[in-house]
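Working notes, structure below.
The letters A, B, C, D, E and F name the chains in turn, as written, and every chain counts its residues from 1.
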Amino acid sequence: MDTLINLSYIVSAILFIFGIKMLGSADTARRGNLISAGGILLAVVVTLVAAGLDYRFIAAGLFLGGGIGFVLAKRVQMTGMPELVALFNGFGGLASLLVGWAEYQSLFAGTSASESPKFTAAVIFIAVFIGSVTFTGSLVAFAKLSGKTKLLPPVLGAQKLINLVLGLVTLGLGVAFVFFANNGLGYTAFVFFLAIALVLGVFGTNPIGGGDMPVVIALLNSCSGLAAAAAGFVIVNNVLIVAGCLVGASGFILTIIMCKAMNRSLANVLFGSFGAATGSTGAEVEGEMKAVSVQDAYYVLESAQNVVFVPGYGMAVAQAQHVVKELGAILEDNGAEVAFAIHPVAGRMPGHMNVLLAEADVPYEQLREMDDVNAIMPTVDVAIVIGANDVVNPSAADDPTSPIYGMPIINVHEAKTVFALKRGQGAGFSGLVNTLFFRENTRMIYGDAKATISGLVAEFDN
Amino acid sequence: MELILLLFIFTLAAFLGFELISKVPSQLHTPLMSGSNAISGITIVGAILALKFEAGIFVQILGFLALVLATINVVGGYLVTDRMLAMFKKKGG
Amino acid sequence: ILFAAKETDPRETRAALIPDTVKKLTELGCEVHVESGIGAKSDFPDEVYKEAGAKVALDASGVNEADIVLRIRKPTEAGLGKLKKGAIHISFLDPFNEPDLLRAAAAAEVTAISLEMIPRTTLAQKMDALSSQANLAGYAAVISAASRMNKIFPMMMTPAGTISPSKVFIIGIGVAGLQAIATAKRLGARVTAFDVRPEALEQAESLGAKALRIDLGETSGTDQGYAKELTPEQLEKQRLAQGKVCAQSDLVITTAKVFGRKPPVLVKSDVVEQMQPGSVIVDMAAEGGGNVEGTIADQEITTENGVCIIGDTNLEGAVPTHASQVLSANFGNMIEHFWDEEAKTFKLDLEDEILKGCVLTHGGAIVHERFKD
Amino acid sequence: MDTLINLSYIVSAILFIFGIKMLGSADTARRGNLISAGGILLAVVVTLVAAGLDYRFIAAGLFLGGGIGFVLAKRVQMTGMPELVALFNGFGGLASLLVGWAEYQSLFAGTSASESPKFTAAVIFIAVFIGSVTFTGSLVAFAKLSGKTKLLPPVLGAQKLINLVLGLVTLGLGVAFVFFANNGLGYTAFVFFLAIALVLGVFGTNPIGGGDMPVVIALLNSCSGLAAAAAGFVIVNNVLIVAGCLVGASGFILTIIMCKAMNRSLANVLFGSFGAATGSTGAEVEGEMKAVSVQDAYYVLESAQNVVFVPGYGMAVAQAQHVVKELGAILEDNGAEVAFAIHPVAGRMPGHMNVLLAEADVPYEQLREMDDVNAIMPTVDVAIVIGANDVVNPSAADDPTSPIYGMPIINVHEAKTVFALKRGQGAGFSGLVNTLFFRENTRMIYGDAKATISGLVAEFDN
Amino acid sequence: ILFAAKETDPRETRAALIPDTVKKLTELGCEVHVESGIGAKSDFPDEVYKEAGAKVALDASGVNEADIVLRIRKPTEAGLGKLKKGAIHISFLDPFNEPDLLRAAAAAEVTAISLEMIPRTTLAQKMDALSSQANLAGYAAVISAASRMNKIFPMMMTPAGTISPSKVFIIGIGVAGLQAIATAKRLGARVTAFDVRPEALEQAESLGAKALRIDLGETSGTDQGYAKELTPEQLEKQRLAQGKVCAQSDLVITTAKVFGRKPPVLVKSDVVEQMQPGSVIVDMAAEGGGNVEGTIADQEITTENGVCIIGDTNLEGAVPTHASQVLSANFGNMIEHFWDEEAKTFKLDLEDEILKGCVLTHGGAIVHERFKD
Amino acid sequence: MELILLLFIFTLAAFLGFELISKVPSQLHTPLMSGSNAISGITIVGAILALKFEAGIFVQILGFLALVLATINVVGGYLVTDRMLAMFKKKGG
């Protein structure tokens, strides 16, 4: 019997592995989700069959939980999904916490024997601690995402320091708990570190900006996996360990990937308070140049209906015309309308862009003059500025103090999104700062234009 | 010995988790997160087992609560993920 | 002895043989004589010929002792008579229009090989002078048109407004037409092209031109790749359909030839009159009368409405260095192909597919099927 | 103590994981090898320290084995390495076999108790069986690679059938063994299946051609890993299980990858007798046109050092010049030497290919004339024929009855591998059948040339 | 009243104003008069001007009543004297070499605007006639060289052997040089280019040319993008380093100018002598004396060793339609830029950056910093 | 229970093995094969442990042979791999 249960656990672990693997690729994601759900179902059924338990409670619990989950999941608006995930995640953390607690109570009550009590106490501590942080952290994330920020406490001045101290205190309490798990001291320690961990979850998440919440949720998700694994160690259950650990590890990698896609480091997200600053002010500051990865640019382009390329001297330097033409063709195949907007002074000689684009065989029909393209600019989804600078500098239109004030430009800043491809912070021929790059709707893609465009083409090819 | 083996399992699972996720297109970030979050609802098994300990009403309550919460996590998590992915499919097709 | 004569026509700028080929031939064991000054107009001085191993003869008299005579343009009847009996004479002969010349060659017991008649097989392509010259002529046609046009070819979007690309229309997508398309495309023009052979249209598209498709009914070519003559109705249909394109073009290049016949007239005066002042027409079929009404061979005329019609029949002569190079290579390849290593002579195997096609007279008679009286 | 050992085993397992991972990438391969060696060292040291054994034997064994291994590894010529690996692999298999056997003897003698004798017997069977096949199979591979083919028995007529029967017999004996492990019947079964398994190793490997030996060795390597894992189950040792299984799985994947790189399937390698046939007959058959997928072509190209493109009219029709240039650049970055061989009559007008390649900005330096490229053709790894046909038709050189006999062609058929890109079975300008496409070393990639090349570029971008 | 005069120099083919610009100006509220026949050589007939809203004057006398006078080449001193006082006269003026003309303009109380002196700022580019003309001149230089060369530009691997691409060397990578590079590259030539300004080399590479890098020490340009003059040592170094490239080239195009000075002599006779017969040199700096020793302005000479040196000073005149189009657009943009919508006049704000640069005389005096006596 | 856990470990290790090797450049095929072959010499541990069984001289001999062979495999395998890789490095650099 035991063997059978464990073999089933192995099977459900395998299902989880396949599930996660398949979730990572668009074609198989949905099937992967089903498969991993099957894994859980198997584990639950086997566990139920095996354990001669009080079914009333269990059935009630399952119905209640399943019902709530079902309703929540079905009724949520598409836009509300991220916060719902945060909420679910919090529940998962709380469940692990409770399992740990329950086990502690049993242990404390002496009903369950453990091979090595210190080890068990240690894993209980870990399960409860991580579970608590996950729980309250997720709740904060939920509140932030659903705009209920009023409910949250203000960020304290020396938040980081406080968090550090609290963390150390918890650790100390944990050690105490491990050593005195069987007596009252342990209980006191337990209650205290539980409380502090809950607070820590709030404090740790609170300063992080709303824009960074997805990353935080991914991290907390990873934590809830670890909490489950720790719970598994507590009750000596291998499927909990494997599933929890898989989630913990893959969730962590996912967190890293997400940070990368935002061009940030994890530390920056967690402690930089960056997202909060932009999230809270909302006003349009001179701001900073926001970079974006090729991959993320791909996702935007993939859904764009109307794309305008604005080539400049940088395209010539990078000799990117051939790949640009290819990207254009791919976008057209993808259903987008594609045009090339040629500013009269783009490049370094009259007709510079024409020479290059003709070489790359861009059809003349796709070349648009400045005035024609400006007329439709507000309807353009994405304007891709390829190594152009002066010819898309809004100062020429906005800023009477600019030396190029009065020069007509291609109004890419009126497009919904602007991707500006440059190698770095280099200025154009006129040496001016270009305010375009600081605009809300502009994203920089740094790197040699040819490499960047090739990267985009490769993304489409995948 | 058993704990050691469990630790072994833990280690291997950790590596496997790292290796499994390599290049995820960013539109899948959220579903993947949500889907693996649902997996972490495996604590449901722990909750069920916790209910076993006839260790008093308090433990029972804790276990019951854990069970409910974990179930919400599992059921809700899978359904939401599925909805996300369904939407995604439609856009692609 | 192989003798390469200097061209007598003063307008001819090409040389039948260049030093590189001389070297190749002497290595084969052939004694090569060239007439002094043969390469003067194509930038090959006499000394270079000497260095390559040729004897430089001061005048053309040596031709009468030679076993093989190379020249570009057709010889005079008198000249043929003086040749050694049995000599092989290779040149353009224009056999469809020069029956007398053929008879003279036969009478002189000269083996006359016509460059025009080399079959258009993959194997014979290396000797095909018609192709090699037409190719360069296609390039030269575009360049000479460009230097006469008042407009530039490419599109330019400049601070002083947009210059739209010139529109070029190429009629007849043979070897010359294709190269003209390629050159005009290179210069950035918008190129449209038409041919009666449907496969030629695909070829034009492979060079990035727009193909004008006109439904003319059955129009297949010969198995040599040459086009068949159209019926008068088909011609009328074609003219009508291409008229509008012509009228809007800044440059029209016509290359349509029908092997062995007079080229069809494809652009009539009414279409020329509709063209913009300053437009240019290059009629590459001018030699046989031209594809354009009003073309005068070897002249450049300007119509009343300011359209310039170029009837140059020696366009490849504008790039004599390279034209001579490839022509000479054609000669060299032909001699090498039929060279008898042992006997060090040109092996005249009249059963050979290629020679059967291009040897017109041999042993005192006209031997080619098509020109036997 | 036991805990410590097992913790050390976990560490060495981790070292193996890192080792294998790092071996898969050129930058880290050497370090990876060291790390995995460290893993073994750790495992051995810990085992030695833990087991209160007869050190004399062990020391002698280690010295003897280590010495032999050292000498062999140091003295072998670079060219002899593959066969040496085969030999080592055979030793590994034999060792597993022996461990299984020794355990069986102990079990049989009743000195070692086992939790579940049937399970143990089963894993002993597996360890011995796989170990034997690995051992003799590796020896055959070694003999083939070092040219000592005379030592090998001839390939029998119905070899496959015989192998199948032998395999089934072994299986039967195995079952018998499992059920009667404790008595004489079991012993008999053991001796027999051992003998048959050894024979099977020879028979299975013998028909496979020398050219395919690397794949066979990779597969046997995977087997020896599995044998070690099985031995691990026999002696209930987790580091054996993990290391063996890692090797088994990664070796298997490696085998698949190697097959792909050779344009073959694993089944084809094992049962196709393809490598052997070419080795023995050498004659040239009309054969059939063998198609290959873009992905498989990628594996071949990836490892090519010397690539020649042969464009023809099809490249012009497909307007593939831009992507061709890009592929060329990628191959160069990948370390290959790239040239474009232009046949004088390629295309439909003199200089047709030049126009297109100039448009795509292929440097003039990469363009080669026919004669130059023919001189180096036998050293070319891959010739990519892009919509050319007549100009690479070997009939022009071979077949005096061909209408194009005597025309010089680009001798792509002398290259090691030829990829011919065409849309279908279309003939060229001259309308002739091209025997190139039927050659042994030619693989067709059907489809529009531009699409095909773009696909290859995408593969490289991944 | 704006008056656009027909050019008096018979070699000039361009028109100062074309119908498109006339239309634009009349829409601004400006009365436009043009001299009859102004567009004859650039394919713009008088009728089209009329249709566009211009008065076509039969002779040039109307110029004396005009408020704004447009022409291309510099006026005569006498002509200036007859203009209305306070009239604005826009044209090329060659101010560095024509101090007398400036004085005459000042004396006539004419506001003379020099097209040469328009500052090279991004804002003023739309009026920059120097650039717009140099651009077309670069194209025309290559085309006219191509039509004179005995070779073709592109590489061709043909059945009759390989034709290697022509080697083109461009000295001076300004506006004209860049367009020359682009055009030669388009035609398939192997292009090498040199300039003293390092950023220009990068620009040449951006068009696919090979940049010749010579270490000359400090050589930065002015902030207007013009090059500074080299020291004699630097010049010598440059000549030495580029000599070999020159000698191997089939075509050399020199465009090196130094703003306000005589162009440097960059190719001496010894280098020309080393070039192959049939090679061509286009000296685009011929007007000021040329970059090549032996250049004669507006002539085409052939040296003893068969090198053709083209000293055409009006290359853009070879494509008059488009040259007139962009020039006229420059005039139009300038007038539009300074047009006073209310008063319907040209607003002469001498504090304006652009006008400060290009207005030379005003209110009876020379006002430009650089030319004040 | 222990065997089950071992099986669990086996499964996870198998998946991990599959995931670890994904895209290996072809010049690394042989070193990778050789290197992982050396790892499979881990039977050395089995051989050592087999020597422990005082189960008669025959078992001892088997164990000893296994030990020698496994050691050859391990030592030789790592050294050969290292030599290959060293060569490879040189060529690359």
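The definition used in the following text is that a residue touches a chain if its C-beta (ideal position, glycine included) is under 8 Å from a C-beta of that chain, and two chains touch if they have at least 3 such contacts.
Computed from a predicted model, the values in this text were never measured in an experiment.
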Joint neighbours (subunit C and subunit E) are A, D
Copies subunit A and subunit D touch via same or different residues, half shared test: same
Determine which of the two chain pairs, A-C or D-F, is joined by the larger number of C-beta pairs in contact. D-F
How big is the gap, in whole Å, between where the Cα atoms of subunit A centre and where those of subunit F centre? 40
Approximately how many whole Å separate the CA-defined centres of subunit B and subunit E? 74
Separation of the C-alpha centres, subunit A versus subunit B, in whole Å, is 18
Specify, in ascending order, the residues of subunit D that touch 2 or more different other chains. 13, 17, 238, 242, 319, 344-345, 350-351, 355, 358-359, 361, 462
Listed in rising order, subunit C residues that touch 2 or more other chains are 125-126, 131-132, 135, 154, 156, 158-161, 163, 186, 188, 208, 326
Find every residue in subunit F that makes contact with two or more other chains and list them. 1-2, 5-6, 8-9, 12-13, 15-16, 20, 22
Chains touching one another, given as label pairs in label order: A-B, A-C, A-D, A-E, A-F, B-D, B-F, C-D, C-E, D-E, D-F
The answer for subunit E against subunit C in the complex is residues 13, 42-43, 45, 125-126, 128-129, 131-132, 135-136, 139-140, 143-144, 146-147, 149-152, 154, 156, 158-161, 163, 183, 186-188, 276-278, 306, 318-322, 325-327, 329-330, 333
Could you pull out which subunit B residues touch subunit F in their complex? 1-2, 5-6, 8-9, 12-13, 15-16, 19-20, 22
The answer for subunit A against subunit B in the complex is residues 13, 16-17, 19-21, 23-26, 29-30, 32-34, 36-37, 39-40, 43-44, 47-48, 51, 53-54, 57-58, 60-62, 64-66, 68-70, 72-74, 76, 78, 81-82, 84-85, 88-89, 91-92, 94-99, 101-103, 105-106, 109, 111-112, 115-116, 119, 214, 217-218, 221, 224-225, 227-229, 231-254, 257-258, 261, 295-296, 299, 303
Using the touch rule from the top, collect the residues of subunit A that touch subunit C in their complex. 342-346, 350-351, 353-355, 358, 361, 364, 367, 369
Sort out for me which residues of subunit C touch subunit A in the complex. 154-163, 165, 188, 190, 208
